[in-house]
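Labels for the chains are A, B, C and D, by order of writing; each one numbers its residues from 1.
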Amino acid sequence: MRIGVFICHCGENIGRTVDCPSVASACANFSGVVHAEDYKYMCSDPGQNLIKQAIKEKNLDAVVVGSCSPHMHEKTFRKACSDAGINPFLVEMANLREHCSWIHDDVPSATRKAIDLVRMLVEKVKFNEPLIPIRVPVTKRALVIGGGISGIQASLDIANAGYEVVLVEKEPSIGGHMSQLSETFPTLDCSQCILTPRMVEVYQHPRIKLVSYSEVENVEGFIGNFSVTIRKKARSVKDELCTGCGLCVQKCPIKKVALSDFDEGLATRPAMYVPFPQAVPNIPVIDRSVCTYFKTGKCQLCKKVCGREAIDFEQQDQLIKEDVGAIIVATGYKLYTIDKKPDESMIKGYGEYGYGKFKDVVDGLQFERIASASGPTSGEMLRPSDKTTPKKIVFIQCVGSRDESKGFSYCSKICCMYTAKHAMLYKHKVHDGEAYVFYMDIRAGGKNYDEFVRRAIEEDGVKYIRGRVSKIYEENGKLIVKGEDTLAGVRVEIDADMVVLATAMIAQNDSVKLAQTLSVSYDKYGFFNESHPKLKPVETSTGGIFLAGACNAPRDIPDSVSMASAAAAKALVLFGSDVLEREPVVAKVNEATCAGCFYCQKVCAYNAIEQKEIKDRQGNVIKVVAYVNSGLCQGCGTCNATCPSKSVELLGFKDDQIYAQINSFAEVF
Amino acid sequence: MKQLIDISKELFESKQVGYIIGYAEDKFKRVKPFVAYSSLDTERFVFNNNSVNNLAVYLTRLPKAKEGKIGIVAKGCDIKSIIALIQENQIKRDDVIIIGVNCNSVVNQIDEQFSKENTAIKCKYCQVRTPAHYDYLVGEIKEVELPEDKNFAIMQKLDSMSAEEKWNFWEAEFEKCVKCYACRQVCPLCYCEQCIVDKSMPRWIDSSATTKGNFAWNMIRAFHLSGRCIGCNECERACPAEIPLSLLNRKMGMVAINEFNYRHGTDINQPTLIGNYNVNDKEDFIM
Amino acid sequence: MNFGYYPGCSLSGTAKEFDLSLKEVLKYLDTDLQEINDWCCCGASSAHSASHLLSVALPARNLILAKEQGMKEIVAPCAACFNRLKVAQHELKTDDHIRINTEELLDTKYSDGINVLNLISLFQQIGLEKIKSNAKVDFSKLNVACYYGCLLVRPHDILKFDDPENPTTMEEVVKATGAKPVDWNFKVECCGAAHSIAHTEIVENLSMKILDDAINYKANVIVVACPMCHSNLDMRQKNIIKHNPGRNKIPILYLSQLIGLSLGLDHKKLGLDLHFIDTAPLIASLSENEVAV
Amino acid sequence: MENEKFEPKIVAFVCNWCTYTGADLAGTSRLKQQTNARLIRVPCTGRIDPVFIIKAFEKGADGVLVSGCHPNDCHYNTGNFHARRRWIFFRQLLDFVGIDSSRLYFSWVSASEGKKWVDVVDGVINSVREKGPFNGYKKLNKEIEIPVK
């Protein structure tokens, strides 16, 4: 091997403490080194030319540069050498600045150390192999999971940029929680009015394939090359034939058979239903658990009235496969409902608030439906129990949020704003009504947010009480709310007609399962984790999978939309090139010696290690060995250290490379 | 014995097994590993206090049976190795039929009469004289006298020594090692196709039998078995230089128990100790 | 069945009828109680305000005695005793410092492993089916308000018994007797507890609300499992009515007394004559419905 | 040679993302330290095999330092957790055979802990200097030296 050593003075930075010329002359004596020189600024153009020239003149096949940290200039020197015809992975850098000249004063010992550092890398580079960057083709299609506002935004952005999108929605219609809202803060514009056009745009977009009433079943592959299996749940209606005329829904004889999810249980729906009038796609679903036909085998009224013969009672769940290059997760949130027996490990519930027991104690989304013009009361402010107008209403914030002892320690972020909005909506509809808000702090950070809360207090006369509520009970048709005003230091008792709880935003029930399907990390609450809290807020730990909206943490609409666009931008960056180039620092298995214990598989954080069958000519399996999927491998080398027989090695940091460094750290024993 | 032979015969006759690994006596009446390939062969099967070998080692050494599963006669301790092999993907549970034997302790010195004094030390702490896991169970449990744990005193002494004294102790022991690798060959969990010591690029462990290389070999052997060794002590029994290898394994076993409350080879579905982690693992030694 | 028994001071004093009725019922249900020999005070409400160590060491002593006497499960019918025993167990398990100090003080080693039962969990252990199948009196017209108070269910993290805000286990037991539990608001509301002596007016005020709510929800009787609750609701009721006229009386029974009644046991032996609020009218209304078995 | 002042030789195995970068920061902050340590850069502490450490001692190291990202900060998510579990075994094994485990140091040093890195390195160098040279292997190495005539 013909190695060239180049020692940089970095002006005075290295030269002041390290005697660079004598380092260079010492290195010239190392075995394998055929060229050694020092120069003022190796990274400058003349410096780089020096290296290139030496490579050509001396016919070098490996280079060690003694200069600054590889984090600083490794790319520079690799590029220079590669221009001169040396594989970039045959270039090593000895860190003579950050790890030597800058931290030492004594010239002789710093110089000695510098020689050691260069020697170790000269020895290493002898074992370096030329590596070729891994090039993986990119499928320029995206999968978006979740059709709420985040998913809609991400889908539209990607599709408008010219790429195909598969949008998977669990419910029969896209729209998500935003479609349930009455009006939105801080402008009080109607939620449906701004959302519906977007939903239609998705439906009509030539590059968006909307797969509703479906769930992601399995994900295989890696960045640029995912293969996704989607379970299309049986709708009992052929979506390609249905025109959405709605006749079947009208004729369905069992009208009020189930509580409407869309109306948060405040209204009923028939067995054949569309979740809400503006649903996209506007195709009904048969709820088989309540449909007379599925229970008794009789009825089929819907089938009789359908002119298009779209009703299909025999329909089965269908598994469809989609190949995509990027995945955006936008599965959103759900509200913490406290009526059910709470999970012992996580939350202890709020039995004292009587949610689920008293009809007039509702949660935030239920109140949205009551306030909504398309809701069960057609927007009239009527309480659920007796459909009268509540004259006194109490809002309680932070139910489940910021409450470590009973709920979750995090802040749900949107409740301060939507409670102010609720109180305002109430006051706008019930002019003589009284609205009280129990709060811990008002967190109204955002453009025009604090002004909005002030408006509720000052213009609309909502009474804000700083304190917690200890109990709600019913007495003579009134809900007695017992609480505390911590600013006045007195106990408060309000005989309310209705109570609205701002319950915590929590992760979807199946978020952990989905996270495991995607190999994405999640926090203890079930929210998906971002790759870096500041610098990689929409990326996940798995390449090619991005996050948008409230599946990552509680988030309001503007934040969700910006995050969705950011995630879309990240996917578009990926689609910007035909192939993805990755550093070839990945693990490789020696199949001849692998004993198949698969400890490597256990320690791999990226699921990059697979089991591979080795077969003889007859096709009999001789043995099963490990196989590294270089698309997934991130190059940590934990498998290499774990393997007892060293049958898997990390390229660029192979055992013999590190051995060479250890072997040469000191001149003599 | 009859029970064992009957079951073995039945396994052959019903074509469930291709062969059965067991024990038989040679012409000098010494008990040795023996592979029965037919119903007739099983007549030679014996099991007694001299059935000391851990036969699980043959599960990865012998070729697969052409037809049927592999039958194996195993003591409770040996079954731990079988479970360990299953945990480590070396064999499938469905591919073996385990004939567990109620064990009344085995000898320490194979050529001497079995007695309380001549009982393997591992038997003193045995929890599985009646195996915890098996397909068939034969034999009867009898009252046994437990041997003295001579190694305990040595362990205690070692623990009280200074680093230099310990080094000198092991230097004297490892000096004797001739790198015959009998310890490796006899170990059911040393199933690598190419051992790290045979790897020459790079040569992490000096292959010549110098004390330095012997240190590295014996340390790495113990390290690769840490959290995995089930304590059959076959390595020590096989060592011609009589190096107390079981001390090293025992030390690592104690770490597994004390720090992680983990015993390898007790449960097929238990996640292995190495290869998994707990975010709360002890780290008081890390600055 | 056999359980260890820690009566505590109340059951051998002011709440004698609790003790009487429990023993009577258990005898009928073939369950033996073995009283812890040489038991001492549990520390109740006073020890923990005086000395933390004492508040753990007193119950610890009783737990150690129970273990020495070969018991695995002990019943502490008094809610305060139950609470103190459980809290002590928790602290001894989680806090080495307090455990070592306690052991030093008692000069004995402590080891975990006693299961402490309260009145409700005792009947759950015995089996509600057994109560149901032995019920002799028709309770179908009896509306019962189950009052838990604070000590039975709080702190939840330590006691791990029922929902601290809306418990329902006592209702299950009551249902087994054939009576109808009412769904009311104040089952875990404060009764005033130990303020009974120094600030009687607080207790009267708080207890009044509890009584009012029970009556409001059409209860004929309030059932309790705590001597403190009983004394506040029963003993103070006369004065509550005196100071706030126009109210009806409502009898307060121990859960064990209610079960005893349903089993058709002798009223005297259940100590039903030992209450301040007369139980006779209630009993009379029930006896009309007695059925022969 | 015998009379020369003993200067310990330290080999440090450091992960690329946290400790190596932390050491860079110590450099850019001009935090002075002693010259005895030689760093070997690996991607992750998960890559560090105990044979590295044995080899370093064999080759004459008087002390070995292993350093990486703090738990939960690992660039590769879990590499340091697996490494930590190995170390728990390995250091007790070393101790048992007489390689004083106090010659083997472990630390978590993040990319922002330049100061901590200096403290760790100087601390290790000082304490190994106090302990004196590690003679065990030096003696064994003599056994295989070919006498020079």
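Basically, contacts are C-beta pairs under 8 Å (C-beta built on N, C-alpha and C of every residue); 3 or more make two chains touch, one makes a residue touch a chain.
Please read all numbers here as calculations on a predicted model, not as lab measurements.
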{"item": "Per-chain Cα centre nearest the global Cα centre, belonging to chain", "value": "A"}
{"item": "Comparison of A-C and A-D by number of C-beta pairs in contact, larger one", "value": "A-D"}
{"item": "Chain A-chain C separation of Cα centroids, rounded to whole Å", "value": "51"}
{"item": "Between chain C and chain B, distance of the C-alpha-averaged centres to the nearest whole Å", "value": "58"}
{"item": "Separation of chain B from chain D, taking each centre as the mean of its C-alpha atoms, in whole Å", "value": "34"}
{"item": "Contacts with two or more other chains, residues of chain B listed in rising order", "value": "196, 204, 274-276"}
{"item": "Where chain A touches two or more other chains at once, by residue number", "value": "603, 642, 655, 659"}
{"item": "Multi-partner residues of chain D (at least 2 other chains)", "value": "55, 78, 82, 86, 141"}
{"item": "Interchain contacts (touch definition) - all pairs", "value": "A-B, A-C, A-D, B-D"}
{"item": "Chain A contact footprint on chain B (complex, rising order)", "value": "88-90, 191-196, 199, 201-202, 204, 224, 271-272, 274-276"}
{"item": "Complex contacts: residues of chain A adjacent to chain D", "value": "69-71, 95, 97-100, 102-106, 109-110, 112-113, 116-117, 120, 521, 541, 585, 603, 605, 634-638, 640-642, 650, 653, 655, 658-659, 661-663, 665-666, 668-669"}
{"item": "Chain A - residues contacting chain C, complex", "value": "348-352, 357, 471, 473-475"}
{"item": "Touching residues (chain side chain C, partner chain A) in the complex", "value": "156, 163-166, 183, 185-186, 189, 213, 216"}
{"item": "Chain D residues touching chain B - in the complex, by the definition given at the top", "value": "50-51, 54-55, 58, 71-72, 78, 81-82, 84-101, 105-108, 120, 123, 136-137, 140-141, 143-144"}
